[in-house]
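Naming follows writing order (A, B, C, D and E), and every chain is counted from residue 1.
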Amino acid sequence: MDLFFQQVLNGLTLGSIYGLVALGLTLVYGILHVPNFAHGAIYMVGAYVSYLTMVDLGYNYWVAMACAAAAVAALSVLCERLVFNPLRDAPPIHDKIAAIGIMMFLEAAVQMQWGAEFRRMPTPYTDIFNIAGLTIPAQRVLIIMGAFSLMAVLHLFLKKTMTGATIVAMAQNREGAFLVGIDANRVAMMTFAISGALAAVGATLFAPINLVYPSMGHLLIMKAFVIIILGGMGSIPGAIVGGLIIGFTEAFGGFYISTDYKDIIAFALLVVILSVKPTGLFTKGVR
Amino acid sequence: MLKIENLTKRFGGLAAVSNVSVDFEAGKINAIIGPNGAGKSTFFNLVAGAIAPTEGRIQFQGMDITGMACDRIARLGIARTFQSTMLFEESTVLDNLIVGHRLRTQSRLWDVLINSKRLRDEEKKCRARAEDVLDFVGLSHIGHRLTADISQEEKKRVAFALALATDPELVLLDEPAGGINPEETIKLAALIRKMVDHGVTVCLIEHKMDMIMSLAHKIMVLDHGEKIAEGTPDQIKQNPVVIEAYLGSDDDAAA
Amino acid sequence: NETLNIGFTGPLSGGAALYGENTLHGLQMAADEINDNGGFAVGNETYDIKIVSLDDKYSPSLAAVNGKRLVQQYRTPVIFTPHSGGTFALQAFNERDNFLLMSYTSVPTVTEKGNKLTVRIPPTFTGYLKPFTKIAMDRFGKKLGIANATHDYAKYWTKTFVPVWEAAGGTVVADNPMDYNKSADFYTGVSKVLAAKPDVLFIGGASEPTGLVARQARELGFKGGFVIMDQAKIGEMAKVAGGLKALEGSVGVVPLVDYHTPGSDAFVAKYEKANDGAAPTSEVAFNYFGLYATVAAMQAAGSVDDAGKIRAAMAKGLTTLSAEHNPYGVETIDDKGGMVVDPNIAVVENGKIKIESLSEVMAD
Amino acid sequence: MGALQKVSGFIMSPAMKMLLILLAVLFPLAAGNEYQIYVMALAFVWAIAVYGMNIVTGLCGQLNLAHGAFFAIGAYTLAILTVDNGWPFWPAFVAAGAMGALLGFLVGVVSLRLKEHHFAIFTLCVGFIIYLLMDKWESLTHGTLGIINIPAPHGFGLVDFTETTPFYYLALVFLVLSVFFASRISHSLLGRTFLAIRISDDLAASLGINLMRNKVLAFVLSTTYAAVAGALYAGMVRFIGPAEADVAHTFDMITYLLVGGIGTLMGPLVGTLVITWLTQSLQSLEEYRMIVFGPLLVLLVIFSPRGVVGSFTAWRARRRAAAREQQARQTASEKVPPQAGASSIKKGAGNHA
Amino acid sequence: MLQLDHVEARYGSFKALEEVSMSVEQGELVVLLGANGAGKSTLFNTLSGLLKPSAGKIALNGRDVTGLKPSALVAAGVVQCPEGRKLFPEMSVLKNLMLGAYVHRRDKAGIRQTLEQVLSLFPILDEKKDEAAGSLSGGQQQMVAIGRAMMGRPTLLLLDEPSLGLAPLVVKQMFETIKGINEQGTTVLLAEQNAFAALKIAHRAYVIENGRLVMEGDKDTMLGNEEIRRAYIGA
């Protein structure tokens, strides 16, 4: 039973991070219809910025997180301005290739600047709680709480604030949004900024239990895509639930079936779900 | 020729077409009118097999085609145009049309790989058919132009030609004169008449009343998915229900 | 001086870039030293070395393309590559194109298939298996949990290690390798292995993720020992795992800095001086040695471009190699082209690395 | 006729095709060294796979992100049959193509129910599953170790395909065949059928085209191309591992396609050659070349969305149309007084309203 | 207040507006008559910035606003209630209305006041204010669209076929509402198929054909013109 709950905890940890990253991806996808393959690299840059502010400059963890969020948000906005905005009328395949170009660039740039070695980011929260046979490192609690509160904040932001509403409005009817005076460029930039900041925060939360290196975003972005397809592109609850589904699949599949095969299990799950429901779990039937 | 019984289509809670029964005769021009969102295009989609009805039956030339796949229905002889014209913009007009006759050909991959006689014959046939229909719609002179470069009205005609290239018995035209100016509209009406003269049955959706009233043999009026009237243009013009729902009344104007 | 081009093809971008860079670094270091000392003489000619490095992203076909390019465009008589895939791809034509393949991989098949112009730079790991088994089993018990990586090298290790462990009376209670490069988190995999209550965990892949696995095993309450596959270096692991304490009871290869032979000390000192005190990895050291061994073989063969002769003279060359250029103390090369070394073993005891020599362990 | 037009006319002519083939045949003689021949041969092999992708993505409009995996399936089929089962090269080669077709059919039937991005990401996942299977299914694929000592194509005692130049010619033959079939397909009724599907599923279906059957056909064609290319690749590099199925290869191929011109006949070849040689010439930048290459890709996609060949053909088609129009107008004004035909042309050209 | 000078708009190579010159005075209610596809919506979209004119000038209160972004034009007081409504279907009615006041988002009191006005104008919306806009009937959605435009507190209101899909009774009401809005000082430019009803509340009208303005006149001239009656009002 302990082991079962241990896997629940693992699933939650993974699911939180996946969800957070997928959320940024789905936000951009739902509103701007940009399949941003560079999102994994953006996440990676987030991890590096935190690492540098924390380890090299000696700032506090939370300051590092804020710096990473700000820097990566700016980077995302830059990508939007320089690449995706000029491509907004191009066929989607062009966006994909451009995003891959960005990804290559970011990885190479990071490697050039900081080398390819694995780095380990320390965390100030090193306690490990042992409750009823369950091992719960503080950082993991932080990840889960951080991710879920961020999701909640994002949800409230989108639902309750005027600025958030402009993002949703844009997703639901672009021209309608223009007509009430919403500035499309502003919303596009804001969306990219939020998406980048989410990735950076996700990276900062996750990095302490993992390693930081230039290609760290590769598999994550694959999974994030799986998640947003699974949850329905552009759907926020879809991204969260999708993240949890994949997280739990990996934890339970990895534990009860085989760790070596856990990725196959996750991807096969997607194939099965989409074979049954081709538009994902959370897309509405209309349109 | 086309017999519809109790046709209903629901999208979630919305009945886009609800319990419509109607008969369209061969060799005639049948019009469908109604306010925006009345379910006209949906009705076409149902007949053409693009979507499956929730309830009801569709019979074409005595054969039950309810729920049949789109491409089979096309092979049975129902062709259509779309409300927004779709063509391959990067190739020439003639190249666009050649594929229209594809459904009357048999060539398979194998024929293509060995460039069989059958394929060559059929390609010739398709090209000939494309030239025919292009001539029919009066556009022979622009066959070589890029589709992206021709005018809106010409595109509509090309779309007609594409539908005709399938050798249809019945053609469904969704707002063929949408976005076409009055002068051209008259020419387009003449073209539609010519199609009927050549033995094709036409069914069209249109908001341009002058055109409809002068062209149609029979009009069906839809509103909120329901058939609210059916009859000759004169009957429809007088029908108070239609006037209220769609046409607007002269009395209103006089009052 | 004449310039002699020496080729390198390895991953310099992508996921394996670090590994590739380290190996290249070793070559470059040796080349710079040789050049700074005025080159090396073969016959009447003195040569400077130029390392021509090409990126292959760990792809065999790109390695083959690079190999062709190196041989034909840069006329390199010797090509170094740090991966088995690249080695296999290059072996398709190295005999025909007459270049010596210096392969930095421990996968035994690269030399077993009888390629006449291949040298395997690192020793195979087989020498470690028995002492590792003995040390770990004596101290912690007979139940082994496998949680190492899934790449080719790790698989070889597992395949050869398990029979040895079982022959010594041990059992394998859990077999759950994990993809060290792709996994986001090892908690699931590690807890699965720990659920079988092993006494000893067999781990290993690249050093840092291995350290992470060890750390998470400790977090999850594992108290036993680790058998560490030789690819991972205890020193580097410790940085990630949370100090040597976390690795208490580990048995693995000796970090070069702890070797303390004259050769290794000289090399480590040199490296640390040039790199702000950073410790050299075995990738650097072996490839550094590899280039010196090549040069020595060239001198012994009296030729810089006849690959066959150079290969034949490799054993003779090794005898002339000075200790400071041979940090691991490689003694000779076997018939098939594998370097032979008597390995030392590192055991972590009371938070310190303790060196045991192979012969001592087995003598007990 | 301007000189420019003459040149562009020549580029499209059959004579040009002969010239290209001649150049390709002479290339090994002109090449400075074997390495260039080797790179060229490898590029040809990739180009064959890219031609496959062009059928399903360029013509039929379905972005298949499992393409690299099918390439690997071809390579593995050949390797497993020859190395583990002792088949001779050529039967195994045929089997590899057939395996590509068979698996393509199975995957196509399931995945083509999805549309657009869903299809793309679905195939991305299928590709990843295929990769993982190659990595994990050790008893069949040798797992991460890969398969070594794959035989080179059998030369029947006449030629030795382990040599670079003969292999180059072999690849060239397959490439020419591939282009030939691709051209047959794209210019035939079948190609037009695919094209209609690319414009719109609805339009195609309303023209009586069976969507599923044709999409699956396009998909199977493309996977067959990929598998054949993969098998050739295995016979050339003679070692394969799971990395062959990495999505990176798929993205590479999309890049080739986009750079050359998606949906065009010569685009796949041009794109593959351009990028291959560009990458080779950027090698001197070593690990930093992506810093140049990434932005280059972005700029290309933004400023030349149709690719090299696409931009050229679009430009030429427009010129030709204009020329013919002028001709038509001239003859019309010469012969007949501006009547029905001619006047409506004018109207069309001058005032679209 | 609004001045158009030889405005031209294109969709690709197709000229949907040509040489359109017109003016609307402060406080006027001007009707734009024209057949389907004549270019009414195109003109409206050009005025509200969704479409950039390819030639010509547009001035608002003497200020050149040619080619401004929609958001800038909304801020300048030009608000369009578009053809096809363009609501945010999954948001509540209230949210839709509130977003209409996006440019005034800092003026909370002002928003509340306008909202009250709108809700008293369309009481049914008050009842439905928490429902998703997409779930409303066509007519109700049209009310939301008009209400949303009013929330922007326009000085120039562009109404593109507001009666579309509305039941006759509602149409009558709506025309009265428009008249009321206009009488309170908002300048209105109105495109309508329901020409007679529109003309009755208008001051002036323009007729557009194939993207060109072909006629202009005040209400009575227009109503009296035989051709107009036949073409747009019905014989």
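By definition in this document, contacts are C-beta pairs under 8 Å (C-beta built on N, C-alpha and C of every residue); 3 or more make two chains touch, one makes a residue touch a chain.
All of these numbers come straight from a predicted model, not from anything done at the bench.
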Chain at maximum distance from chain B, centres defined as averaged CA atoms: C
Chain separated most widely from chain E, comparing mean CA positions: C
Interchain centroid distance [CA atoms averaged], chain C/chain D, Å: 41
Chain centre separation in whole Å, for chain E relative to chain B (CA means): 33
Computed distance of Cα centres, chain E from chain D, in Å: 51
Chain centre separation (chain B, chain C; CA means) in Å: 73
Where chain C touches two or more other chains, by residue: 13, 17, 21, 150
Contacts with 2+ other chains: residues of chain A: 107-108, 111, 260, 263, 286
Junction residues of chain B - those touching two or more other chains: 149, 151-152, 181
Residues on chain D engaged by chain A in the complex (per definition of touch): 57, 63, 110, 113-118, 120-122, 124-126, 128-129, 132-133, 136, 247, 251, 254-255, 258, 262, 287-291, 293-298, 301-302, 305
Chain D contact footprint on chain A (complex, rising order): 35, 82-83, 86-87, 90-94, 96-98, 100-109, 111-112, 222, 225-226, 229, 233, 260-261, 263-264, 267-268, 270-271, 274-275, 278-280
Parts of chain C lying in touch with chain D, wherever the complex brings them together: 12-13, 17, 21, 53-55, 57-61, 64-66, 68-69, 71-73, 84-85, 88-89, 91-93, 96, 107, 109, 113, 150-152, 155-156
Of all residues in chain C, those that touch chain A in their complex: 13-15, 17-18, 21, 150, 176-179, 182, 184-185, 187-189, 191-192, 195, 206-209, 211-212, 216, 219-221, 239-240
Touching residues (chain side chain E, partner chain A) in the complex: 48-50, 69-71, 73-75, 79-80, 82, 85-91, 95, 98-103, 105, 134, 148-149, 151-152
